[in-house]
Structure formats: C-alpha cells, structure tokens
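Each of the next two complexes has chain A plus one other chain: chain B in the first, chain C in the second.
== the complex of A and B ==
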C-alpha cells in the first residue's frame, strides 16, 4: 500500500518540479522516490494485508511482482536522461506519466476485486496511450498512440462486458467470493458465466499481446519512442500477465477444463507466430516486438497448472525476460544514436567499436535465446518442467521449435556485431549507462546460476 | 573434488585471458593453463581407483527447489575422455600459435571455455548439469568458427548452431520428462534416473529424443549435413575441437543415458540405428575418396569413423563397446593429427587442394614420416592405436550381425583407398615449384608431432592401458 502511495506522490512531485523549472533535481528525485518505493515494496514481503474491504490484497505474489516492476522502471529511468538528451521539450510530463502507469501496473498485481482490476488496468493503459504518442512531432509515434488507443479501448470494452457477466451471475466483484462461488456451483456453471470468462480472456490476450490478438504489438512497439517501448514490452506486459494469472488462479482455477484449451491455443499461436514473424524483420524494434509476443507465449505455458512452483516459474521467467529485454533495448538506444535507421545494420561491426557493449548485448541475446547458464535458460527450463509435469508434450515441443527458430533472428544481431563491417564512429558510454549494463549482465548471470533465490520468493 | 577442479582451472584461465591485451602473455597463459590441466589429469590417473564405480565423487546442492545438484564424478569411460581432452588441448593450443588470430584474448578464452565445458560434460552425474555443459560446449565453438572461420562461415555456422541446438533441446525435454518420472522429491541425479525402469512406451519417447540430439552431435547419417562444411570452414583449432572432441560428447551421451535408460528401446530400435550408422560409415568413406581438398577429406573420413563407433555402441556387446571406447580415444588423437598436418600444409602452401601438392617427401622427410604414421593409424594398421579399437568393434559387429559386419568391414578397404591416395598425391609424386621449397617440421611442430606419435604406438602396443580404465565401467554398463 505504501508503495502505491509513494509512487503516486512521486508522480505528482515530478510534475510540480517540472512546472517550477528545476530540471536538475528532476531525475535525482525520481530515483530517490523509486528507491523508497522499492524498499517499501520489498519490506512487505512475507506479510499479507488486506486494504479497503479486500479491494487490494497484498501477498507475496503481488509483492515480488511489484518489486520487480519498480526495479524495471528504475533501470529504464537510468537510461532516460541519455535517451531524452536529444529532445528539446521538457520531459517531466513523460516521467510522471510513466510513474502513474507504474502505479496502475502495481495496482493490478495487488487487486482483490474486479473493480480495482479495471481501475488499475485503465490507469496503466491510459498512461501508455499517452506515452506511445509522447514524441509529438513524429508521425509514427502518433500513429502508434492512435492504434494503441483504439485497440485498447476495444479490449477495455470487452473486458467490461466480461466483468458485467461475471457480476451478473455471481453478484459480487470480490475475487475470493467469485472463487468460492465457482466451487459451490462447480457442476452448474451457467453459460453466461463462461461467456464472461471468455470475454475477459480475450481482453487480457489483447492487453498482453497474445496471438491472435497481437496485431497492435509490432506497430505500437515500433512507433513509440524506444524508451517507452522498453517499458511497454517489459513492465507493462509483465503487469498484464501477472494480473491475468492472479485473476484466473483466484477466480477461475476450478473451471480450468473449460478455459485451459483456449490458453493452450493462445500460447501455441504466440510461440509459433511470434518466432516465425520475428525471422523476417529487419528493424530491431519490430523484431523485439515479435520476440516479445513469443515470450508471452512461453509465459502463458505456465497457466496450465496453478501451484507454488508454477507461480515461482512464472515470476522467474518474468524477471529473466525483463532484465534481458531492457538490456537489449538499452543497447539498441545507444547504438541507434548515430545511425538513425534502427535496422540490424546499426549493429554492424560493434565488436570493434565497443567491446563492452557488444559483449553485454551478446549476453542479453543469449539469455533471450535460452542458452545456459544464463537466466533465460533457467526460465525456459522451469516453464518446460511445469508443462511436462502436466504432460503437455506437444506444447513443449512447439516451444522448443520456437526456441530453435529464435536463434536465427537473435543471432542476426550477434553476427552483425561480430562479423560485419560497420562505420568508424565510436560509441561512447556514459558512466551511468555502464553501471546500468553491468547491473543487468551481472543479474542475468547471477539469477541463472542461483535460481533458488528467485524460485522460492513466492 | 578433482573433477570440479579440472572444470574450474580452464574456466578461471579463460576469464583471465579474456580481459588481457598482451598477445604473447595470452598465448603463454593459455598454454600454461592446458598444461596445468594435463598435470592434474596425470595426477588423477595415479589416484584413480578402478574398483570404484565413480572416482573423484562430489555432491553439492545447487538448486534445492528443483533438486539439481553439483554432482560430479568420473567412471572409467569419463576419465579416459577427460584424459583425451587434457592430452589434446595443449597440442591444439600449441599448434594454433602458427596462425595469428586477431582478438587473441577472445580466441583463447573461447578455447579454454570449451575445454572447461567438455570436462563438465564428461564429469557430470546430474542430468541438468550434463545438459548445461553440453550447451556450454556449443557456444564457444560457434563463436570460434563464425569469427575466425573461412568463406561462407556465417551461413554454415548458423546452420550448425541451429541444427545442434534444436536437437539438443529435445534431449532437454527427455531429461525433464525423466525427471518428472522420478519419485518425489524429483531429482536429476543419474543414480536415481538410471534405476527408474521405464515402461516400454516411456522408453520409446526418451530413446528417440536423446537419439536425435546425440545423432546430430556424433553425427550419424542422415544428420551429418552440417558436419563437412563446419569442419572445413572452421579455423584449424576449431576443426580439431569439432572433430576430435565433439563427437565424443555424443557417443558418451549414448553410453551415459541411452543404454542405462532405454534397454528395451535399444533392443527394439537399436538395429535401425546400427544400420544407419553403417550407411553413414560407407557413405562417408565413399565420399572421402572423391574429395579434392584435404580438410573435406578428413571431415568425411571422420564421419566414416564415428559411424563405426556409433554402430558398435548400439550393438551393446561388451567387446564392441570397449572397442568403441578405445577408438574414441584413438580417433580423437588421429583426427587432430590429420588436421594438424593439413594446417602445416596450408600454412606453407596457402592451399589444401590435393592436386596442387606432390613431392613433399623430398623436401620435408620428417613431415612425410609423421604423416605416414598418422595415416597408418587412420587405416588401422596393427601396432597402431587404430587397429585395436577397429578390431574389437568389427568383432562385436560380427557377433551381432554378420552381414552388417561384412559391410562395415568394407570401410577399412575404402579407408585405405582414400588415405593412401591422399598420401601418394601429396607426399610422393611430382615436385612442383612450391613443394620444392617446402619447409620441414619446425621445433614447435615436432613438439606436437612427437607426443602424438608416442600416443599412437603406446595405445597400439599396450591397449590394456586404456581398457584397464574402462573395463569395469563398460562391464557394469552392459550387464546392468
């Protein structure tokens, strides 16, 4: 709870600082605020609390996910000054909207009630629409914002329909109560309730960008400013998936026979299509967008069985994915600076220009591919283990083929860095970005080598 | 503990070398590291207790939640392969000094990382650990080949990487599948996994998933299509690692997992594997005869040799398997020697096209003698190391199926054909302008050639030195 308050206040303070023209203290304040929120959030670990008649339920699940998301946002802010250097207009509005979006993301991982779910999701999404369009002079950014807004509005509508139907049959918004209701009426669940589940499922698939509801993802990720894309692809996506998981494990776990196959199809489609489509992208951002669809598919594999291990595996995957993806985006931002194309060619000959940066990128990409002993391997391994324990052999085989395909496009970048000849311009890193990259690399290795730390958090 | 130490030493040196700039120092350190590994290994050979199932056993908890342990230990077969790695690495590193690889630090760091991973593969007694090292061995060789390789390397190495990685992932699924079958709390420990007594249908899945990964790595026909190109395009140290050591990972995997886990499946499908391996053996030999370039010839001849080893292992006869173990060691030494010779020729002539050579014997008698010994070992002449293994394997195949054995026996003839043909064209024949000034082996090259020659004869004359280590392990494996 303190976390949400801290972050909301921080968002407002950021705005005020912006108005009062004290730009020098803007970022330090944001960092301080995020650190305080991080401390508050991690202090809640091991305690369960309920707020406002179960509107918000703080448990280990919500604590670890919100801590991860705050940490992710912190990492993204580390690169913010560097990224916005070239922007002439003040950035404090972007910063505060980013923070508000984070508040929404945290709210939905803590939700104990469908209304809170809706409110949180909208806080997050509306902020994201604004952020997608924050590069006001760029047509593609505007396009992204418009597309995202329209698609998002549709999915919100569908979500509301679903919530209404659920409320209509059960008479409550409370997640525990709905869960209880499904146990009591296990044999006589009305069709309306099932329709509600499907509508919510579709809306959530929209929000997290799972196939076949993924059409907005490549365009929006491509058009948005890269910093925002990094945030959308990691923090916002993980928030959506965590809420998705929380909702279905708390309310609908007894009806898994009904919706399980649908999630199976979503996961199957995302893995296959995400990886195959990524193969044909020349723009790194689009490629990462499709790869994020594929990773959504892998995470959705964890929805087939709800237990402590699955939750741990899901969190582990989220953490590994968040760190590697932020890393990849950070390197992309640094590299793109001189060559404005943003295609794979931007990476040509990077190894000669900046060894440190290319080694870091290789580690991020190998982690995304799932090469041991990096975090991405253990993440995939955990998910495969859950799937195989429940005998989802074909889904696992699809996932494996997906991983094999992913080598081809992740390695495109590695090959470009190592083997192609690029321009002569040097890539110079500021101390802050170096720290950021070192943190990311060390964490990816550490999480991969000591997975126990993360798996037992929930 | 010793196993873990062996894994750690090259890994530590790999990190040190990676951050260094001074080229000479890097070379010295890399070579020094491989010598330290060799010394530890020799020390281990004296400590090795042949009556134990696993020597140098250690078991530390790693991931409690998943039941993964740092469980290391060496049986006779594993120890022999560790010895092979320790013996070959100094030679490979020493031979690489004749070429100048830009980014020296990265190059030797990758080679040492590969060495560390190879020790890990042969020493792991935990399924997941085995898999991790298995993949870890792939990454360095990919970078070695793709950065320092020859023409067309990008396409070829990517194919190689995707091929091996995707097939290995099937093995990962099989390992996890077996893991989910272990009693609660699940574990990856080999001691538990191997006593599972899987049902026939379970064995079916596990067998084919493992086989896919191992068949690509060995490679068994028809999964070999990555092999000749990758061997050819790789820089010589890479080719040596690829041909001398990587196939052994696959063969070792068969001994470690498939034979104990799926006895019923081998009974049922083993014959098909043997047949395909023998097809590969003949196919490789026939194509080798037609090659015009030394490295490709070696690649296909290697394909032929590993085919025989794979066929022998899948007969699961005691003689055949122990023959195959000896041949793993001999083939490792011989093929590295062959690539070493190809590298010498390439450095002096700037080409490895066979028809551009000829008459080298006149200007380089030492090389000619060395080449002859290696060639005779390759065609399995008695008294050389190639003979013992091949004899045992063919004997084993003969008691398994006479027709298959007869066909496999042809490979010796074919082997003699392409080897003698190569030798005749390259070493004898007409001297041309370039071969007339062919420089003989230098002191450094002699330092590589002599240990190889000694190893060829020692194993050929006293094969019990090798079988002494593996005897119990093979016996235990077959009569489980």
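== the complex of A and C ==
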C-alpha cells in the first residue's frame, strides 16, 4: 500500500519539478523515490494485509512481483538520461506517465477485487498508450500509439463484458467470494459464467500479447520509442501475466478442466508462432517483440497447475526474462545511437568496437535462449519440469523445440557482433550505463547459479 | 427509487442479457469493420455502454449496489480513455492528414 502511495506522489512531484524547470534534480529525485518504493515494497514481504474491504490484498505474491517491477523500472530509468540526451526539455512528462503506469502495474498484482483489477489495468494501459506515442513528430510512433490504443480499448470492452457476466452469476466482485462460489456450484456452473471466463481469457490474451491475439505486438513494439518498448516488453507484460495468474488461481482454479485447454492452445501457439516468426525478422526490435511473444507462451505453461512451486517458477521466469530483455534493449539503444538503423547490421563488428558491451549482449542473448548457467536456463527448466509433472508432454516438446529454434535468431546477432565487419565508429559508454550493464550481468549470473533463493520467495 | 427498481424488474433479466449482448456485438462489429477511427471510438463506447446497462440490470435484480458503483468506474475510465484516444487521433492526423486506420501501414515486418 505504501508502495502505491509513494509512487503516485513521486509521479506528481516529477511533474512539478518539470514545470519549475529544474532539469538537474529531476532524475535524482526519481531514483530516490523508486528506491524508497523498493524498500517499502520489500518490507512488506512475509506480511499479509488487506486494505479497503479486500480491495487490495498484499501477500508474498504481490510483494515479490511489485518489487521486481519497481526494480525493472529503476533499471530502465538508469538509461533514460542517455536515451533522451539530445532533447532540450526535461522529459518530465514521459517520466511521470511511466511512474503512473507502474502504479497501475502494482495495483493489479495486489488486487483482491475485480474493480481494482479493471482500474489498475486501465491505469497501466492508458499510460502506455500515451507513452507509445510520446515521440510526437515521428509517424511510426503515432501509428504505434493509434494501433495500441484501438486494440487496448477493444480488449477493455471485452474484459468488462466478461466481468459483468461473472458479476451477474455470482453477485459479487470480490475474488475470494467468487472463488467460494465456484466451489459451491462446481457441478452446476451456468453457461453465462463460462462465457465470462472465456471473455476475460481473451481480453487478457490481448493485453499480454499471446497468439492468436498478438498481431498488435510487433507493430507497437517497433514503432514506440525504444525506452518505452523496453518498459512495455518487461514490466507491463509481467504485470499483465501476474494479474492473469492471480485472477485465475484465486477465482477459477476449480474450473480448470474448462479453461485449461484454452490456455494450452494459447501457450502452444505463442511458443511456436513467436519463435518461427522471429526467424524472419531483420529488424532487432521486431525480433525481440516476437521473442517476447514466445516468452509469454513459456510463462503461460505455468498456468497449468496452481501450487507454490508453479508460482515460484513463474516468478523466477519473470525475473530472468525481465533482466535479460532490459539488457538486450539497453544494448540496442546504445548501438543504434551511432548507426541509426535498427536492423541486425547495427551490431556488425561490435566486438572490435567495444568488448564489454558485446560480452554483455552475448550474456543477455544466451540467457534469453536458455543456456546454463545463466538465469534463463533454470527458468525454462523449472517451467518445463512443472509441465512434465502434469503430463503435458506435447506442450513441453513444443517448448523445447521452440527454444531450439530461438537459438537461430539470437545467434544471428551474436554472429554479426563477432564475425562481420562494421564501421569504425567507437561506442562510448557513460559511467551510469556501465553500472547498469554490470548490475544486469551480475544478477543474471547470480540468479542462474543460486536459483533456490528466488524460487522460495513466494 | 423503489418505483424505478420495480419498473426495471418488469422486464425479465434474460431480455436485458440478450439486448446487451446484441448491443455489444454491434460494437464489436463496428470495431472490426469500420475504417474511420472516430467511428471505431464510437463503437468502443457502445461496447462499454452495453456493459454499463447490463451491470445496472444485474445490480437491481440482485439488490446489490456494488454493480452500480462499478458503472461509475467504467464511466470514468471510458472518459479518460477517450481523452487519450482523441489526443492520439489529432496527433496522427497531423502527420498523415487522415483518420482512416487502413492507411496506417508504415510498420510492417
């Protein structure tokens, strides 16, 4: 709860600082505020609190996910000054909207009521529509914002209809009450309730970008400013998946026979199509967009069976994915500065230009592929184990095949860095970006080597 | 207030459900078929308003006010969404001089 208050106040303070035009203290204040929020959030670990008649329920699940998301936002802000350095204005609008979006993301991981689910999801999404179009003069940013807005608003309508149908049958918005209702009426669930579940499932698949509702993802990720894309692909996506998991494990876990096969199909399609489509992309942002669709598929594999180990595996996967993806986007931002293209050619000969940067990028890509001892390997291992334990053999085989395919496109970048000849321009890193890359690399290795620390957090 | 609830209850709940589903489907069709961004916005509003109507009907039939409170949340969020959406529309119009969504084909893979 303190986390939400801190971050909301921080967003407003950021705006005020921007208006008073004190450019120098803007980012330090944001960092301080995020650190305070991080402390508040981690202090809540181990405690379980209910706020406003179960509107918000703080438990270990919400605490670890919100801490992870605040940390991810912190990492994204570390690169912000570098990204916006050519702009004269302080960019306080982008920063504050980013913080408000984080507030929404945290709200939906803490939800205890469908009202909070809806409001939090909208706080997050509406902020993201603005962020996607924050490069006002660029036609591709405008187009991304327009597409994202239309798809987002459409899925909101579907979600609301689903919530209404569930309210109509159960008579309550409270997640615990709905969960109780499904136990009492397990054998005689009306059709309207089932329709509600399907509509919510479709809307959430839209929001997290799972196949077959993924078509907006590549365009929006491609057109948005890279900093925003990094945020969307990591924090916003993880928030959506966490809320999805929380909703279905709290309310509908007794009806798994009904919606399990649908999630199976979503997961299967995302893994297969995400990886296959990424093979044909020459544009790195689009490639990462398709790879994020594939990773959504892997995370959806964890929805098959709800227990503490699955929750741990899901969190572990989210953490590994967040760190590696932010890393890949940061390196892309740094490399694109000098060459001004977003294709794989931008990475040509990076090894000669800057060894540190290219080794960091290799670690991020290997972690995304899932090569031991990096975080991505244990993450995939845990998720695949849970799927195999529940006899989802074909899904696991597809997932392993998908990982094998993913080697091809991730290594395209690595080969370009190591073997191809690029331009002579040097890539110079500031101290702040170096710190950011070192943190990311160390954390990816640490999480991969000591997985138990993270698996037992929930 | 008591009288209003009685009037609402004159029509059976299933009729509300069918009516709102039809309204919702018209909204969905509008989003999928129309090319003009403004008309798509209107269709999305129609989807949200069909939800509002259904929420109120359910709320009255159950004698539970929380459904009507939810309607306020939906209205607020819809207003915020349309504000942002129209801003994006104006911004897009400045660069492309059109509000036809089929012309947005710059981003392709």
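Here is the rule we go by: the second predicted complex is superposed on the first by the 455 of 458 C-alpha atoms of A that agree within 3 Å, B and C clash if a C-alpha of one lies under 4 Å from a C-alpha of the other, contacts with A are read in each partner's own complex, and residues count from 1 in each chain.
Assume contacts are C-beta pairs under 8 Å (C-beta built on N, C-alpha and C of every residue); 3 or more make two chains touch, one makes a residue touch a chain.
None of these values were measured; they are calculated from a predicted model.
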Which of chain B and chain C A:140 touches, first, second, both or neither: second
First (chain B), second (chain C), both or neither touched by A:455: first
Chain A: partner with more touched residues, chain B or chain C: C
Which superposed partner A:188 touches (first chain B, second chain C, both, neither): neither
Chain B versus chain C as contact partner of A:53, first or second or both or neither: neither
Contacts of A:281 with chain B and chain C, given as first, second, both or neither: second
Chain A contact footprint on chain B (complex, rising order): 62-66, 128, 131-132, 135-136, 139, 143, 146-147, 153-154, 158, 161-162, 165-166, 169-170, 172-173, 176-177, 179-180, 205
Chain B-facing residues of chain A, complex: 309, 312, 366, 371-373, 377, 381-382, 384-385, 388-389, 393, 396-397, 400-401, 403-404, 407-408, 411, 415, 418-419, 450-452, 455-456
Sites on chain A touched by chain C in the complex: 114-115, 118-119, 122, 126, 129-130, 133, 136-137, 139-140, 142-147, 149-150, 153-154, 156-158, 160-161, 163-164, 167-168, 171-173, 192, 218-219, 222-223, 277, 280-281, 283, 286
Partner chain A, residues of chain C touching it in the complex: 13, 17, 24, 27-28, 31, 37, 40-41, 44, 47-48, 50-51, 54-55, 58, 62, 64, 66-67, 69-70, 73-74, 77, 80-81, 84-85, 87-89, 91-92, 95-96, 101, 104, 106-109
